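Heads up, the next two complexes both have chain A, just with different partners, chain B and then chain C.
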Partner chain A sequence: MDFVLKGIAQGLIWALLALGVYLSYRILDFADLSCEGSITLGASVASILLTKNMNPVLAILIAFLAGCVAGTVTGLLHTKLKIPPILSGILTMTALFSINLHIMGSANIQLNSVPTLYTTLTSALDINKTTLSLILGTCVCLLVMAALYWFFGTELGAGIRATGINEKMCRAQGINTDTTKIIGLALSNGLIALSGAFLCQYQGYANINLGVGSIVIGLASIIIGEAIFSKVKNFFLTLGGIVVGAVLYRIVVAVVLYFDMSTDDVKIMTAAVVIVALCISRYANKFGKKSSAEKQTSDDEQKRKEKRENV
Partner chain B sequence: MSEQNNPMLSLQEITKAFYSGTINEKIALDHLSLDLQPGDFVTVIGGNGAGKSTLLNAAAGAFPIDKGNILIDGINVTKLAEHKRAKYIGRVFQDPMTGTAANMQIEENLAIAARRGRTRTLKWSITAAERKQYRDMLAMLDLGLEDRMTAKVGLLSGGQRQALTLLMATLTQPKLLLLDEHTAALDPKTAAKVLEISDKLIEQNKLTALMVTHNMKDAIAHGNRLIMMHNGRVIFDVSGEEKRNLTVDALIEKFSQTSGEEFASDRALLSK
Partner chain C sequence: MKTKKIVCMLVCCVMLFASAAMTSCAGSAYNIPIVCGETGMNDGCGVATFGVDYYSLGVKAGDMAADILLGNAEPASMPVQTDPNPSLSVNTTVAADIGFTIPESVSSRATTAQTSMVTRVETAIVTEGADFTIGILQLVQHVALDQSNKGFQDQLSVRMDAADKTVQILDRNANGDESNNVTIAENFVSQNVDLIYTIATSSSQAAATATADTAIPVVFNAVTDPVDAGLVASLAAPGGNVTGVSDMNPVEKQIDLIAELLGKDNIKVGFLYTSAETNSVMQINLAKAHCDEKGYTYVEKGIVDMNDIESALAALAKEDIDAIYIPTDNVLANAAALVHSVNKGE
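Take a look at the complex of A and B:
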């Protein structure tokens, strides 16, 4: 069972990334690929600060802010220089690779010899690392979910949600869509960096390639979560679904590794899980409403159609 | 409403060309001047490509104009970005999808509109007092929306969405209301209902409004003034008694006289 618990613990950390991707991909309707650079940025900033003996909590907060800056850059590239969303994200991601190397000073930083949040707390509370990671991960996820629930219920948050749905309407209602996009992307990448800051401490090292494939993990978590929680209307529970999605994803990875399957097979198993999740939601709702994942797709189609008609 | 005797909207010699410098250059607005007095409700007609929608979009700031000045209640807004200008302007679009956020609730849409022209803060996006106010306003529309305040706007019909957009556009008492063929996508019965609501809201709030329409009968029946556009210019401007006595035939006649062309819009002729 231990390997499942470890999978859940890791899943709760990756859930922060999934929530970040959800902000850009679903709420802002912005396919932001800076994700892969931001999670590594969070890990590199946190780990270099830890090796300088900084307080782990402070190091995590600074990593979050660094992620916000990265998101702001993507936002500025898109809104001020009118670079398309995907390209803006790729540019930031590419630039971040060099920046991360500069921050870390090498491609790898070991955190075995410095106190991290996990080592400090396990010795202070006298519990084992897996238990601690489960409690800590749950608390952090709930905290972030509550913060997001509050933020998107405010005037500013409502403006950001509306920006992702209908920009023309937003401008007609006096919303500066450049600003709302930048704030949304900053927050999204901040959360992704937060995920990286926890991850490097959990695994005891930071690596320049930590972020490779992370966008797929984020998207898979969202799709799994939405498929399972397809009938949920409450925003807090929707966010909870994303967290569950991320945890399920890590459980699958844990199972693959436990049964001595090659790590090469992790990706094909991911694809299988996402397909199964989509099938389940489809058949469960066969006579009911469409799942939110499908609904989103048909909304997208609708939007594309409108765009075509406008041209 | 204005302290001095400013026109509520003053378009001064505004020019807008699309695809400038190319073989496809199209002058959509050609040194057009137009003043709207406070309380004017002006209907705008004209053939396809006459510049009607461009006129409204220029006033709203959807794009910068090439020449001229735009003043709203004496304030020069020519260089003001669209979202900043929105403080003074309520808008309803031709496509019912455009004016509202489909994935948000009716009351959330209204709350967003209620904050037009204000900085959006970290206060909760809707208050209990607002909910009550919105319920009363929605009840006035007589579409049963007051009992569906937490329904997603995407579930509403086109007519209901346009009525809601009208309410959103007039919620903060705009200096100028721009209606861009806002009934063109609706069936005749719904269109009549939405026009009735438009009249009511304009009258109640004593708004200054510009309404583009393809329907000549509507253009004559609504508002206190009518302008006809052709090739980016106003070619006919009539108000008061003279406007009330207009007929569709007289309008078509007037069009061919002034422009030297047949009225080139099938839609306008068919809606006769």
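Take a look at the complex of A and C:
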């Protein structure tokens, strides 16, 4: 069971990425591919600062801000230069590859010889790394979820949500959708970079290829999360669903890798799991709609009955 | 309307220039002799090189693992090993294509002998009830890495058979995914394997981190600079639970080979490598230091991906260089055939 716990610990870090992707992909309805660049950006900024002996917490916060800058660039490319969403993301991602190399100075930075958040806390609290990662991951995820819940309840946050739902209507209401998009993307990429900053410390190295395939992990986590929490209307719980989705995805990967199968089949097994999750999502939605529709009609009948009786 | 016309004319001009440039490029052959960092690349585009053999490196790692398992040695005090006698190989096909004559003094020393393969003892590798369990973590499917894996398993089976022991091998591959590296390494720790064999730098780093709180020994392979990667304290005394085999190619010998091939001392070498690969940059730095020491001149051209190869070769050719040196580099290893076809002007 130990390997499942470690899968959860890793999943909680990837959950930050999934939340970031959720902000752009679902809330803002913006297919942002800069994700693969910004997670590496977070890792490279955090790791280079750690090798300069900076406080790990401060390094993580700076990595978050760096991600926000990357998101802002994607946003500006889209809103000011009118470049389509997918291409803006790809352009930022491509540019970030070179930027990340410049930040790190090489393609790989090792963090085994410098104090990281994990090594510092394990020795300070005298607990093992798995326990620490579980506690830390849960706390950070809850904190981020709470912050997002609060933010999307404010006027600005509601504006961002409205932009994703109906941009034209939003503009008609006097909301500057360019600003809301840029802020949404900055926040999204900031979270993704935050995930990278934790990830490099967890695994003990940052690598230029760290972000490869991360968008797939993010999207798969969202789909799995939504499949399980399809009936939930509460925004906080929806965010929780994304976190659970990311954790489940990592558990699945850990299980796939645990069992003795041909090494060439790992990817197809992972793909199969996502397909299954999509199927569950589809059927769960079908049943979900049916039951709520039935409920609706029975409620209406009830009301009509009451009306008649009152008359 | 006027602006439209001007734009049209501009576009036409650009297209004319582009087509003219392309036709002039297509026919030009550079025919520059190339020396590569490893034998596989030499087969594709080089004229001659000293190369490390990944199968032999795997065999070496297998020996180290067997010594650790059988209690003959501790990883902390086992020096990192390298290929002691890199073999000289020449490529007459490429040389003929670009009209280069390999001097007799070089070609006569070339070894044509095949790698001596170790015969695997199948009975020593079992699926359950083994004396030892080994986890193998390989970064990605790749010919050289696969060879390191095979050499390791073959030699380990021989050593286990000789000691009358059996071994179970959990062979895992991260499929090029960094996050899988960590998961596999942590799975091995959960399964409490007796030893982890890692192939490639980031896989080794993941295993080193995952085993940090445990006593599980890690033997790595295909890591060019284990000190820089944070795996060992020094090559002579690793000092921790991690040791292994470095696939460092003999850069100095390879640079000297260029001078020998050209038959002169005042050579000008062009370095072609992928700037994103740590290992390549490190080899280029070694090569530069050696050139400075020997009084050779050089120019360098870093590329980002395969698409830059043509323009990089063109830029190097303009610099009037005598030869090109390509270090052990993943992007260029995959594009060796392309490098050759550009070089001979196809």
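We adopt the following convention: the second predicted complex is superposed on the first by the 274 of 311 C-alpha atoms of A that agree within 3 Å, B and C clash if a C-alpha of one lies under 4 Å from a C-alpha of the other, contacts with A are read in each partner's own complex, and residues count from 1 in each chain.
Everything below uses one rule, namely that contacts are C-beta pairs under 8 Å (C-beta built on N, C-alpha and C of every residue); 3 or more make two chains touch, one makes a residue touch a chain.
Values in this document were obtained by computation on a predicted structure and should not be read as measured data.
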item	value
Contact breadth on chain A, by residue count: chain C or chain B	C
Partner chain(s) touched by A:Ile39 [first = chain B, second = chain C, both, neither]	neither
First (chain B), second (chain C), both or neither touched by A:Thr154	first
Touching partner for A:Ile183 - first (chain B), second (chain C), both, neither	neither
First (chain B), second (chain C), both or neither touched by A:Lys168	first
Which superposed partner A:Leu111 touches (first chain B, second chain C, both, neither)	second
Interfacial residue positions of chain A with respect to chain B in the complex	151, 153-159, 161-162, 165-166, 168-177, 299, 306
Contacting residues of chain C [partner chain A, same complex]	138, 141, 170-173, 175-184, 186-187, 189-191, 201-202, 205-206, 208-209, 212-213, 228-231, 275-278, 281, 304
Residue numbers on chain B that touch chain A, as the complex places them	60, 81-84, 86-87, 89, 91, 93, 95, 97-104, 108, 111-113, 115-118, 120-125, 168
Chain A to chain C touching residues, read off their complex	2-3, 6-7, 10, 14, 97-98, 101, 106-108, 110-113, 128-129, 199, 202-205, 207-210, 212-214, 217, 250, 253-254, 257-258, 260, 263-264, 266-267
